[in-house]
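Labels for the chains are A, B, C and D, by order of writing; each one numbers its residues from 1.
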C-alpha cells in the first residue's frame, strides 16, 4: 500500500516538473512558433478533406453538400486531376457538434495532410474551425451563405455574404412597395446579424421594422410568433429561420390565414431541399433570396443538375449551398493551376481574379476578401416544389463582407 | 429516562381517518405492546410519532414536542424505530451498518475520514446481536432473522432512550424468535420500548403493558391479563378472525 | 384584447399538444415508474405512419383519419415490444429504464434516418385543416389547432372511461396503487403492464399524427417535445390524469403569455423556474397518491 | 412513493461480493498507479501531438465522469444535467481567456462584432482577474449545485423527478446562453483563444503542458473521489442510496449527504469544463444541453458506475470509440451508442468493471 502511494506521488511530481520545465513560448513572443502543417503532395494523388455533418441535426443539409463536393472531385479526377495528380477525398463527420468539427479539421490537416478542406455549414462550426486553419496555415472552402463580418486569411467563402443575398432581398421588397417588415429568425448568429443589417437598411431606406422575434434552434411552436406577425399587419416578413423551425412556421402561417398574396415571406435559408420537406401546400408563391436555383438557366447548370441526378437520384434537387460547394472545388483547382503549386501561400496569392463558369453563372474570386462575385436572385416557390427566378441583380455583385460600400452600414461592424 | 405522551392524535389519508384521536401514555422504562387487527392504525401511529406522516394533536417525549419536526430531528431527540420488513443497508457490510447507526452525531470532518478503529459500542453490539463473525459480510446477504437483529443492533448503537419496534419477530422461526426475545430483553434495559406485534405468545412473554387499537382508536389498555379479559377485545379479534385470536 | 384572446387560444392549444404527448407518458410513468425516453420516437412513428399511408391513400382527409387508429396500433405495438424485450426486466430499476430507453430512442432515430432519409418528409393536411375560423379580422382560430384540441379532449375522455369503467382500467389502477397486492389478488400484472404500455405508446402515435399538422416530420421530431412533456407529468403528479391535464394547460398558457411579452427563450427558462418553484411547494406533483407504506 | 426510490443494482452471490469488498482498496490503489504511469509516461511518448490533444479532451470528459460516478454510482443521484456545471466552469475559464486575449480595458472581439455594447457587461468584469476566474471555474458550479440541490433534496425531489429536473435545467441553461448572443457568443460559444495565462496556445509545447495539467487534475480528482468513497461519508452515501428513509431514522439528514456528493460532482464537472477550454479551444451551449449531459452518463455506465476507475475508463473508451468509429461509419456510431446504453445498462449494470468479476464467478462456478 505504501509503496503504491509513493509511486503515485512520484508520478505527480514528475508531472509538475514536466509542466514547469516544458513551458513553450508566451503569446506574442515567437512569431514562427507554428510553421503550419504542409500538405503531402509527394505521391500521385493529393488528399483533400471533406468536413461535413454526416450525423446529428445538421446532417439533413450537410450530406447534400458533401455529395456535391464528391461529384466535383470525381469530375475533376475524370478529366485528369489537378496538376496531373488525382484527388483523394477524405470525408470526416463533424457530427453537428462544433468541437468535433475542430477536432476533425485538425485531424485532416495534421494526420491526413490534405491540400485543402471543403465544408462546414453553420457559422458556429466555421467559428470553431477557424482558429485551427489559421494556426496551421491550411485552407478551408466554406460554401454556405453567411452573416459576413469575417475575413480569415485561410478561408475562402464561396457562398453569399450579406450584400449578395440579404441586401438584394431588401432591395426587391422595396421595389415591390413592401415597406413595413416583420423579422423572424432562429436564435443564432446569422439571423441576429442579418436582422441588425436589415434594421440599418430600413432606417436609411424608409422601411419600418414592425417587430423582431427569435425562436431557439429546433423550436417547433410558432403560435405566438405568428400571432404577433399577424397583429403587426406588416406588408412582408423577412425570414431567417433555419431547419425544422421553418416547417412549423409555415404551417402556422398558413393556418392563421396569412398568404403570400397578403403578406409575402422572404426566406434566406429555404432552398429546394427544404421546400420538399415543408410542402408546397404551405410554401406556394413565397419568396426566397439566393444566388442559384435548380432552374437557373445555362449550359453549366444543365450539366451540373444532370450529373447530380444521375449520381444521386432523379428526385434529388440541387440547391444553392450544394452549388457553392461544387463550385468551391473547381475554384480551388483553378487557383492551384494558376499558382502551379499546391502550396497554400502560393494558392492564396494566385486567387485574385480566378474565374469559373459555374452553374449560377460566372463567378470570380475577389482576392482582397477571399469571397466571390455572385449574382443575386430572388425566386418564387412554384407548385412543383421548384423555385423560379423572379428577379436578378443582372451582373455578379462584388462581395462586401463588412458592408463598407454602403453608407447606411457604417457603425455596424 | 423519559416517557411518551400522545394526545388526541389524528392522521388522515385523503379523508380516511387512519388514526382517530388516540391518547397514549407510555411510562419511562415501560415495554408497551401495541396490538390490534390489520388496519387498526398501529404502524400509522408509529409513523406519526417518528415524523413519517403528517399528524395533528401532540406527541411529547419527555417534555419535547415531536410533531411537526422532520424525521431526522426526531431521531436525534432520541426516538429510534425498526420496520416491518427489516430495513438495513444491503450494499454495506454489517460493520458499516452499525458504524453509521452509531455516528449521527459525528462532525463533518470525522465523516470525511476513514474509520481508523471500530468504536467500542459497535464491537459490543456485534457481540450482543451475535453477528461478530459476519462483520464484513454485506447486509444484503444476511438471513432474514439476522437482518432483524442487525436492525436492533443499529438501535442499540444509536443509543436512543425510546424504541419503536414494528413486528420484530414477524416471519421468524421459533429459535430466531427466542433469540430476538433475549435481544429485546437486553435492549429494553434502561429504555422505553413500544412494540407492534401480532404474535400473542411473544407478547405474553415480554409485554409489561398492552394497548389495543381498533379502527384508529384506543380500544383497551392495561396489563396483558386485563386486556385479554376485555370482552371488547375478544369481540374485535373474533369478529375479524385474525390468527392469534 | 384581441391579442390576449388569441394568445390564450394559442396557449390552450400548446397545452393540448403537450397533453396529448404527456397522456401516454403519464400512464406508463404512473403505472410502472418507467421513464420512457423513447416515447418521443413513438410520436415520430405515428407521424411517419401518416407519411407512409399517404403514399397509398391520396385523399389527405381520409388518410389522416385512417392514420389515427393505425398510428395508435403501430406505436402501441412498438411500446409492447419495448416493454416485453427490455422494460419488463428493469422494473426494480426505474432510473436505469430511463437510460435504456434513451438508448432505444437513439436507435429508433437512426433507423428512421436510414429508412426515410435524414431530411424531414412532407405530409399533406386536408384543406379543411389548413384553414381557420374567423371570429373578427384579427382573431382567427386555426382549424388544425381546434382539431388537436378536440383530439386531446377525446383522448382524455376515452382514457378516463377506460380507467374508470372497464375491468382493464380497474386492473391498471390496482397495479398503479399497489403492484404486489394486485399480483397476489390474481391480477396478471405482466399482461396489465403490457396493455398499459400499448395504450400509453399508442397515444404517442396519435400525438404524432396530430403533430404532422403543426411541425416537421423527421427523425428528431420526438426529442423536440419530450422534455416539456416530462415536466408536465412530473408537475402533474405520478399516475394522475387530472394533474397532467391541469398542468399541461397551465404550462401552455403560461408559456404563450410569457412568450408574447418577452421571447421564446426567456419563456422556456421562466417556465422551468416556475416548475422548480412549484415542486418546492408540491414535491410529488400536483396530485399524489398517499399511502402509509414507507418508501 | 415507492416508485421513485432507486433500487440498488441486483446483488451478485455472497462469496464474490465479500472478496470484492475486501480487495477493492488495494486494486483501486494499483489502478491509480497504473493510470498515472499511462497518463504521464506512456501516452506523451506514444501519441502524436494531435492524438495527445484528443486524449486531453477525453480526460476532461473523464473528470466529469468521476463526479457522476460519485453522485450516481455511489449516491444514486442520476444527474442528467452535468453539462450545466461543465458549461459554467468552461464559460468562466473562457471568459477569462477572452478578456486576457483582448488586453487590459478592451472588450472581446465577438462582443464588438455581435453585441454592439458600449462597455463590458458588469458580470464579465470580474473574470478579467485570474484570481477571480480560476476559483470561479470550480466554485461557481458548486454554488449553483448547492442552491439547486438544497432546494430539491430538502423537498425530497428524487429519483426520476430529480433526473428530469436536472435535464430540464441543462436545456434551460443552453437556451438561455444561446439567447444572450451579444454577451455569451450565442450558439457559436466562445472560441478562438490565443493564450492561456500568457502562454501561446498555438505552440505544441504549450499544448503538451495543457495535457499534463489535465492529466494531473484528473489524478487529483480521483484521489479526492477515493478519499470520499473510502471515508465514513462514502459509506453513508451508499446507505442513503440504499434506503434514504432508514438513514433519516438514524438521525442524519439525507439531504445534506446527497448535497455534498452533488456539489462535489458539480465542482469536478466545472474543473473539467475549465480545462476543456484550453485543451480543445471552444466552449458553447451545445456542450451543455441534454445530449452531452446524457452522454456523460453513458461513459460512466459503460465503465462501471459504482467503482472509482470504471467511470474514467468508460468515459475515455466511449469518447475514443466515438472518434474512431465516426471516422469510418458515422451512422453506425449512433446505433452503437444506442446499443451500448441498452445492453450495458440493462444487462451489465456493473459496467466493464464487473466483467472481470463475472468471468471469475463463472470460472468458479465451473470448477
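Definition applied: a contact is a pair of C-beta atoms (placed from the backbone, for glycine too) under 8 Å apart; a residue touches a chain by one contact, two chains touch by 3 or more.
Not measured: the values here are computed from a predicted model.
Engineer: Quick check for you: compute each chain's CA centroid and the global CA centroid, then name the chain with the smallest gap between them.
Structural biologist: Of all chains shown, the one whose C-alpha centroid lies nearest the global centroid is D.
Engineer: Could you find the chain whose CA centre sits the greatest distance from that of chain A?
Structural biologist: B
Engineer: Per the centroid of Cα atoms for each chain, what is the distance between chain B and chain C, given in Å?
Structural biologist: 45
Engineer: So, what's the distance in Å between the C-alpha centres of chain C and chain A?
Structural biologist: The computed centroid separation for chain A versus chain C comes out at 37 Å.
Engineer: If you average the Cα atoms of chain A and of chain D to get two centres, how far apart are those centres in Å?
Structural biologist: 33
Engineer: At least two other chains touched by the same residue of chain C: list those residues.
Structural biologist: Correct list: 113, 263, 265, 268, 294.
Engineer: Touching at least two other chains at once: which residues of chain D meet that condition?
Structural biologist: Only 175, 178-179, 245, 331, 334 qualify.
Engineer: Which chain B residues touch at least two other chains?
Structural biologist: In chain B, 52, 83, 87 touch at least two other chains.
Engineer: Which of the residues in chain B end up touching chain D in this complex?
Structural biologist: So the residues of chain B touching chain D come out as 50, 52, 70-72, 75-76, 80-81, 83, 87-93, 96-97, 99-101, 103-106, 110-115, 136-138, 140-141, 154, 158.
Engineer: For chain D, which residues count as touching chain B in their complex?
Structural biologist: 8, 11, 14, 17-18, 21-22, 227-228, 230-233, 235-236, 238-239, 241-243, 245-254
Engineer: Give every residue of chain D touching chain A within the complex, in rising order.
Structural biologist: Those in contact with chain A are residues 25-26, 29-30, 32-33, 36-37, 40-41, 48-50, 53-54, 57, 113-114, 116, 175, 178-179, 181, 186-189, 191-195, 198-200, 202-206, 208-209, 212-213, 215-216, 219, 280-282, 284, 286-287, 323, 326-327, 330-331, 333-334.
Engineer: Using the touch definition up top, name the residues of chain C that touch chain A in the complex.
Structural biologist: Going through chain C, the ones touching chain A are 2-3, 6-7, 10, 13-14, 17, 113, 118-125, 129-132, 134, 138, 140, 142-145, 213-218, 220-221, 224-225, 256, 259-260, 263-265, 268.
Engineer: Show me the residue ranges of chain D that touch chain C in the complex, using the header's touch definition.
Structural biologist: 1-7, 9-10, 76, 78, 80, 148, 151-152, 155-157, 159-161, 163-165, 167-169, 171-172, 175-176, 178-179, 244-245, 290, 294, 297-298, 301, 331, 334-335, 337-342, 345-346, 349
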